[in-house]
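Both of the next two complexes hold chain A, though its partner changes from chain B to chain C.
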Partner chain A sequence: MGVWGLKAPAGSRGRAPGQRTRVLGAGPVASALYVAPAFVLFAAFILFPILSNIGASLVGAHGRPGFANYAVAAQDPVFWTALENSLIWVAVSLILEIAAGFALAVLIELYLARGRAIFRTLLFLPMVITPSVIALVFTTLYAPDYGLLFGLFNWLGLADSFPALLGTPSTATLAIIVVNVWQWSGFFVLMYCVGIAAIDRALLDAAEIDGARGLGRIRHIIWPLCRGTTVSLVVLGTIQALQQFPLIYLMTEGGPANASQTLATYIFQTGFSENEMPYASAIAVVLFVLALVLVAVEYGLAGARFAPSSRESRDAV
Partner chain B sequence: MLRFLREAAFGLAGWLALTATAAAAPVTVTLWSWSPVAPTMAAMAAAIEKAHPDIRIDATIQPHTAYFTAIKAAQASGTLPDLIGLPPGAYTQEYRPDLEPLDAIAADSWGADWQKNFAPALLTQARLGNPKGDTQFYMLPQEAEVLNLWYSRAAFARAGIAAPPANFDELVADVAKLRKAGFIGFYQGGGTGLFDNWVFMQIAAQTDLADLLAAENGAAVWDKPGMLAAAKVWEQLFTRRVVQPGALSALQYPTGANLFAAGRVGMISLGSWWLQETHLSTNPALATMSGYGKFFFPALREGGSASPTLGGVDIGWGITKNAAKSPAVEAATKIVLKELISGAGEQVALDQLNDLPAFNGMQPSAPLSPHLKALYDTYIQELATANPHQIGNPVVFNTLAANLQAVGAGTKTPEAAMQAVQKVAAAQAAN
Partner chain C sequence: MRSEHGARRLALVLLLAATAASLLPSVYMVDISLRDSTESFAPVLFAPHPTLANYAAVLATGGLGRFFLNSVIVSTGSVALTLVAAICLSFAIARLKIRGGRVILLAVLSALLLPLASLLIPITVLLKHLALTNTYLGLIGPFAALGIPFATVILKEAMEAIPDELEEAATIDGASSLTLLVRIITPLIRSALIVVAVWQFLFSWNEFFLALVIMTQDAMKPLPLAPLYYEGPYMTDPGKLFAILTLIAIIPMIFYAVLQRWFVGGLMAGGVKG
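Right after this comes the complex of A and B.
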C-alpha cells in the first residue's frame, strides 16, 4: 500500500505489499499537522469574517461599543418584516420544493418507461439560468397591462380582476417564492431521483409481494427510505432560502413598502444603500444565528441521521 | 577586451532603450463610475487620450448598484481608483475622508473665479452634507439634470388630446382618454424608489417648496401640512387611476423607458437625460425628439401654476487620495478631471446629449433639429434656476420611498406615512 492507499505495482522496489508508510506518524502532533491546512483556510475565510462581522455589529453610534444595533433592530418594523419573510421563505419554499421534487422524481423513476434522462434534464434546466434572466422573465410574465398572465386573464374577460402580484404587499413575497420554487425544484427532483435509484430493488420487490402498491408503496417504503435525501435537501433548501437575494432584489427591490424584504435584502439595503454597515452587520449576525438554529432544529427533528437504520429498513418492508 | 566592449555596448543600448520606453509610456489614470453609459465613457476616454497622448484612461463603468458596492469594497481595502463618479450628498460625504479637496485644483484649472462656471444650485448640491465650517468641494459636477414629465405626441394625438394637462383634473382625464385609446396613460415605475420620491418631490415643490428644500438638507419637517398635502396628491395618483395598475411592481428602467420609447406610454416622469435617446435610437421620433414633448407636473388646482423646476447634479467626480501615489498620476488625474468637466470628455458626452453640461457655456458641436434645440435650450435655462432635487440622507430617502409605496398600496394613510418619515428623519437629524 502506498502513501495514499494505492497499491504499489508488482515488482516495484521498496516496502513489502501491505506495509503502510507513516510520513508524520499518528500522534496528536501529526493529527494537528494534518488538520492544520484545512483549519488555516477555515479560520481565514470562515471564522475570521464571522468574528469580524460580530465585532462590526457591536459598534454603536459614534463608535461606542455595545448592543445598540440590536436594540435598534428590535424597534425596527422593517427588520421584523424581513425576519418574518425569511421564515416564510424557508417554510413555503421547502414544502413546495420537497413536494414537487419528490412527486416528480417518483413519477420519473417509477412510472416513466422511457425518456427519464430528458425529463431530468428539462427539470434541471432552470438551475443553470442566471437569476437576472429569470427575474426579468417572471417580472414580465406577472406584469399587469402587458404580461403573459394578464393576456390570459384578458382573453378570459377577467382583465379587471388581474392581480398585480409583485405590486401588492400581501402577494409580493409569495409571487417571488413561486419563482424560486420553479428554479430549484429541478435540483430537488434530481436528488430524489438519485435517492430512489439507490433503493435496493429487492426491498421494493419484497414490498410488492407483501401487497404494498401505489400510494402505499410510496408512503411506506420509498418516502422513509429517502429520508437521508430529504434531510440533506431540507438543510440545503433552508440555507438557499435564507440566502436568496437576486430574485427579490431584481423583482421588487424588497418592496412595495418593504413588504418583500428579507434579512438578506435588508442587510444589503442598510449596508450598501443607507451606509449603516454596523447595523447591517447586526442583521447579518441575526441571519447567521437563525440559519444555525434552523439547521440544528432540522437535524434534531431528523434524529441527526441521514439514512434510516437497518431496523427501519426492515420495518419498512 | 573587444568582446567586453561589445557586450558593454549592447548592455548600454538595451538600458537606454528600456529607459526611453519607460519615459514614453503613458501615465494610466484609473476611473470608476456608473455613469455615463459604457459606450459614451469609452468615447470620452478616447477623446481625452487623443488630446493628451501621454495619458491613458482605464475606465470601469458598472450598473448603479454594482458600482456602489464595488467602491465600498475598494474603500475598505484602500484600493479606490484615482477618479470616482459620485452623486452629491450622502455618497460624496461617505467617501469624503478618501477624497482630495478640489478648490485649489479647480482654481488651477479654471482660474481663481472658477465657481462662476457652475450654476449656484449645482455648487450648493456639490457641497451637500459637508460638516459645518467645511466649505471645500470634494466632488465637482460634470453633468446636470432637470426633472419633468414627458409625453408622447403620437399617443396624445391618437387619444385626441391637444396639449399636456394644465391641472391635476386634466391629468386624470387625459390618462383615461389615453387608456381608452390603448395606451398606458401615465407609467410609474413604482418599484424604483428613486422615481417615487422624485414624483412626490415634484408635487411637494408645489405644495410646500420651502419645507421640501429644508427636508432635502436634513430638517425633520416631513409632517408639515404642505408635505402631507403632497402625500395626499400622491395617493390620488393611485386612487384616481392615474398610474397604471400594478405600478408598484413596475420599474422605471428599463421597462418604463423602453415602453415609452416603443410608443406604448402616454406620459412618464423622467428628465433631461431622456434626450440621450436621440443618440441611442434610429427612430426619427426619438432621434430628433419630434415625437416627444415635456412639461412640469401640472397645477394641483385649476388656474394654478405647474411645479417649479427641480434639478441639479446628475454626476460629479472626486479625486481620491490614491491618485497621489505618484506625482505623474496626480498631475494626469487633474488633467482628466478638467477634461471630463469642461473639455474633450464632456464635449463627447454633450454631443451624445447624455445629459446637460454642468459647466457653463458648453454647446453641442453638431447643430440640433429645431425641436430638439428648443428642448435643450429650455433645459439649460431651467437648470440655471432649478431647485435642488436630492435628499441628502439615504435612510430618509429609503424611508420616504417605502412609505410612498405603502400609500400607493393602500396599506398606510398619507398621515401615517409622513409621520413615519418624520420619525426617521428626526432620529437621523439627532445622530
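Right after this comes the complex of A and C.
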C-alpha cells in the first residue's frame, strides 16, 4: 500500500507484477540518468541532512564527542514542555481533523443531491491560504479588546470574562491548534470524499437491502471501507502537526514563558535565535525519532483495529 | 420517505454552518482591509464605512512587487524541477523496471515521514557551504526534494496504468526511451501531472520556515515573509496590514479556484486503495 493510498485512473490493465518489459533501448547508463536528478536532490536535501544532524548532535562542549546534548535536553524543562506540546498537537489535531473530515465528507457524498463540488471547494479554501497570513488574521481575531471573538463575548455581555487566549499559558497551545485544524480540515474532507466516492456502489446497495442504513451503514460499511484513507491521513496529519511552525512562531513565538513551545519551534529558537546548533540538532534528532515511532505505532494500531471484525459484519446485516 | 428528506435537510444545514466557519476568517480579513484607521480596531465582522483607500496606499508604496517576483520564481522553479525529477524517476521505476526500483521507491516514500523541522539546520548549513543562501536555487532545491516523494507516488501509479500495447507500438517504430517518455507517456498522465503541479505550487508558494532561515536578505524574500516585514510598521494601522495580507492570500485562492476542477478531478479519478 502506498503511503498516500492513491492510485492512477483505472480503465487500463497494469501488467502483472514481476513481468519485465522488453528492452527499450535504455541501458544501465540511460537508466541511471533517469534516476539521477531525483537522487541528487534526495541525497543533498534529505539523506545528508539526516546523517549530518545525528553527527552534529553528538558534538558536546569543547567539541568532544558524546551524548552531552541529550543529557542537557533531559534536564531542560522547556524541552519537556515542547515534547509534551508536540504530542498534544498530534493528538488534538488528528482527532478533530479526522472527525470533522469524515463527518463532513459523509454529509457531502451521501446526503447531498446537488452542490457537492461547491462544498468540497469552499471547505478546502483555507488550505490554500498562506499560513503566515492566517497567523496574523487569527491573532487579531483572538485579540482582547478589539478582536472579533471579543466582540462576540461583548455582545453576549461576557466582556469581563474574555480570556486572553494567546497570552495565557494554559490556553495558548490549544488556541493555535484550533487554527491548524481550521486550515487542514478541508483537506481531510476532500480526501474522505475521494475515498467514499471510490466505494463500489453495489456494496452500498447490497448493504441497504440487508437493512443497513443511516448511522449503522456509516459506522459498519463506510467507515471500515475508508480505512486506507484514514491510515494515510493519520500518518500525514501526524507529520503535519509535528512540523507546524509559522502559526506558533507568529502567534506566540512559543510563549508566554515557553508555554506553547513545540519541538519544531524550539529547534528554531535554540538553533537560530540562541545559536546553539549542536543542541538544536539533538532536538531535531528527537523530533525525527518521535515521528518514526508515532507512525510505527499508528500503523500497528491500524493493523489491529481497522480490520472489520466478524461481529461488526454481523451487526451490519 | 419522510426521514430521508429530514436527514438531507439537516445535512445541508450542517454543511452550510461548516462552510461559514471555514470562510469567516477570510471575510474578517477582507473587511479589516476595507476599514479606515478610525474603525480598524472595532471588534465587529463588518465595519460600517468600507473604503479601498488602504489598497491604494499599499500599492502606491510599492515593495510588494519584489516579494511577489521572488515567490513566482521560486514556486515555478520548484514545480518544474519536481516534475522533471519525479517524471524521470517514475518512468525508470514504472516503465523501465530498473533493478532496485522497489528499494528506491521505498527510500523515497520514507521521506514523507520526515518533519521538515528536523532537516532545517543541516539544510541551512549545507546551503551556506554551497554559497546558496539568499539564492533562488537555495529554496528551489530543498522544495523539490521535499516534493518528489508525493509526486513520485502519484506519477508512478499513473504510468503503471498505461497499457503495454501503446509502448510496444512505439518501440517497434524504433523510438528511444526518451522519445517514448516525452511523446507517449507524459501526455497520457496529464491529470496526474496537474495534481502534482497544483500541490507542489501551493506548497512552495506558502512555505514559511525554510524561507525564513534561507532568505535573510530583504531583496530575496518570498511573499510568506512579507507579513513579518510589514507587521511592525503597520502595527497601529491594521487596515493597511490587512490589505497586504489580503493581496497575499488572494493569489493562491485564485490559482486554486482556476485549477481546482482538474485537481479534484485528478484525485477523484485516482480513487483510493485500501
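Going forward, the second predicted complex is superposed on the first by the 259 of 317 C-alpha atoms of A that agree within 3 Å, B and C clash if a C-alpha of one lies under 4 Å from a C-alpha of the other, contacts with A are read in each partner's own complex, and residues count from 1 in each chain.
Here, a contact is a pair of C-beta atoms (placed from the backbone, for glycine too) under 8 Å apart; a residue touches a chain by one contact, two chains touch by 3 or more.
Since we're looking at a predicted model, the values are computed, not measured.
Engineer: Please indicate which partner A:49 is in contact with in the superposed arrangement: first for chain B, second for chain C, both, or neither.
Structural biologist: So A:49 only meets chain C here.
Engineer: Touch check for A:146: first (chain B), second (chain C), both, or neither?
Structural biologist: both
Engineer: Considering only the touch criterion stated at the top, classify A:164 as touching first (chain B), second (chain C), both, or neither.
Structural biologist: Touch status of A:164: first partner only.
Engineer: In this superposed model, does chain C or chain B come into contact with more residues of chain A?
Structural biologist: After superposing on chain A, more of chain A is contacted by C.
Engineer: Counting only touches as set out at the top, which of chain B and chain C does A:198 meet: first, second, both, neither?
Structural biologist: second
Engineer: May I ask you to decide whether A:257 touches chain B, chain C, both, or neither, giving the answer as first, second, both or neither?
Structural biologist: Only chain B; A:257 stays clear of chain C.
Engineer: May I ask you to decide whether A:274 touches chain B, chain C, both, or neither, giving the answer as first, second, both or neither?
Structural biologist: Once the two structures are laid over each other on A, A:274 reaches chain B alone.
Engineer: I'd like to know which partner A:120 touches here: chain B for first, chain C for second, both or neither.
Structural biologist: second
Engineer: So, A:83: does it touch chain B (first), chain C (second), both, or neither?
Structural biologist: Neither partner.
Engineer: Once the complexes are superposed, what residues of chain A are shared between the chain B interface and the chain C interface?
Structural biologist: Touching chain B and chain C on chain A: residues 145-146, 249, 272.
Engineer: Can you check the complex and tell me which residues of chain A touch chain B?
Structural biologist: 61, 78, 139, 142-146, 162, 164-169, 172, 249, 251-253, 255-259, 269, 272-276
Engineer: Give every residue of chain A touching chain C within the complex, in rising order.
Structural biologist: On the chain A side, the touching residues are 1-15, 20-22, 24-26, 30-31, 33-39, 41-42, 44-46, 48-50, 52-53, 56, 100, 104, 107-108, 111-113, 117, 119-138, 140-141, 145-148, 150-151, 154, 182, 185-186, 190-191, 193-195, 197-198, 214, 225, 227-229, 232, 235-236, 239, 242-243, 245-246, 249-250, 263-264, 267-268, 271-272, 277, 280-281, 284-285, 287-288, 291-292, 295.
Engineer: Which of the residues in chain C come into contact with chain A in the complex?
Structural biologist: Per the touch definition, chain C meets chain A at residues 7-8, 11-12, 14-15, 18-19, 21-23, 25-26, 28-29, 32, 41-45, 81, 84-86, 88-89, 91-92, 95-98, 104, 107-109, 111-123, 125-126, 141-142, 144-146, 148-150, 152-154, 157-164, 167-168, 171, 176-178, 180, 189, 191-192, 202, 205-206, 208-209, 212-213, 223-228, 231, 238, 241-242, 245, 248-249, 252-253, 255-257, 260-261, 264, 267-274.
Engineer: Across the complex, what residues on chain B touch chain A?
Structural biologist: Contacts found on chain B: 65, 68-69, 72, 90, 94, 184, 190-193, 244-251, 255, 259, 264, 394-395, 398, 401-403, 405-406, 408-409, 411-412, 431.
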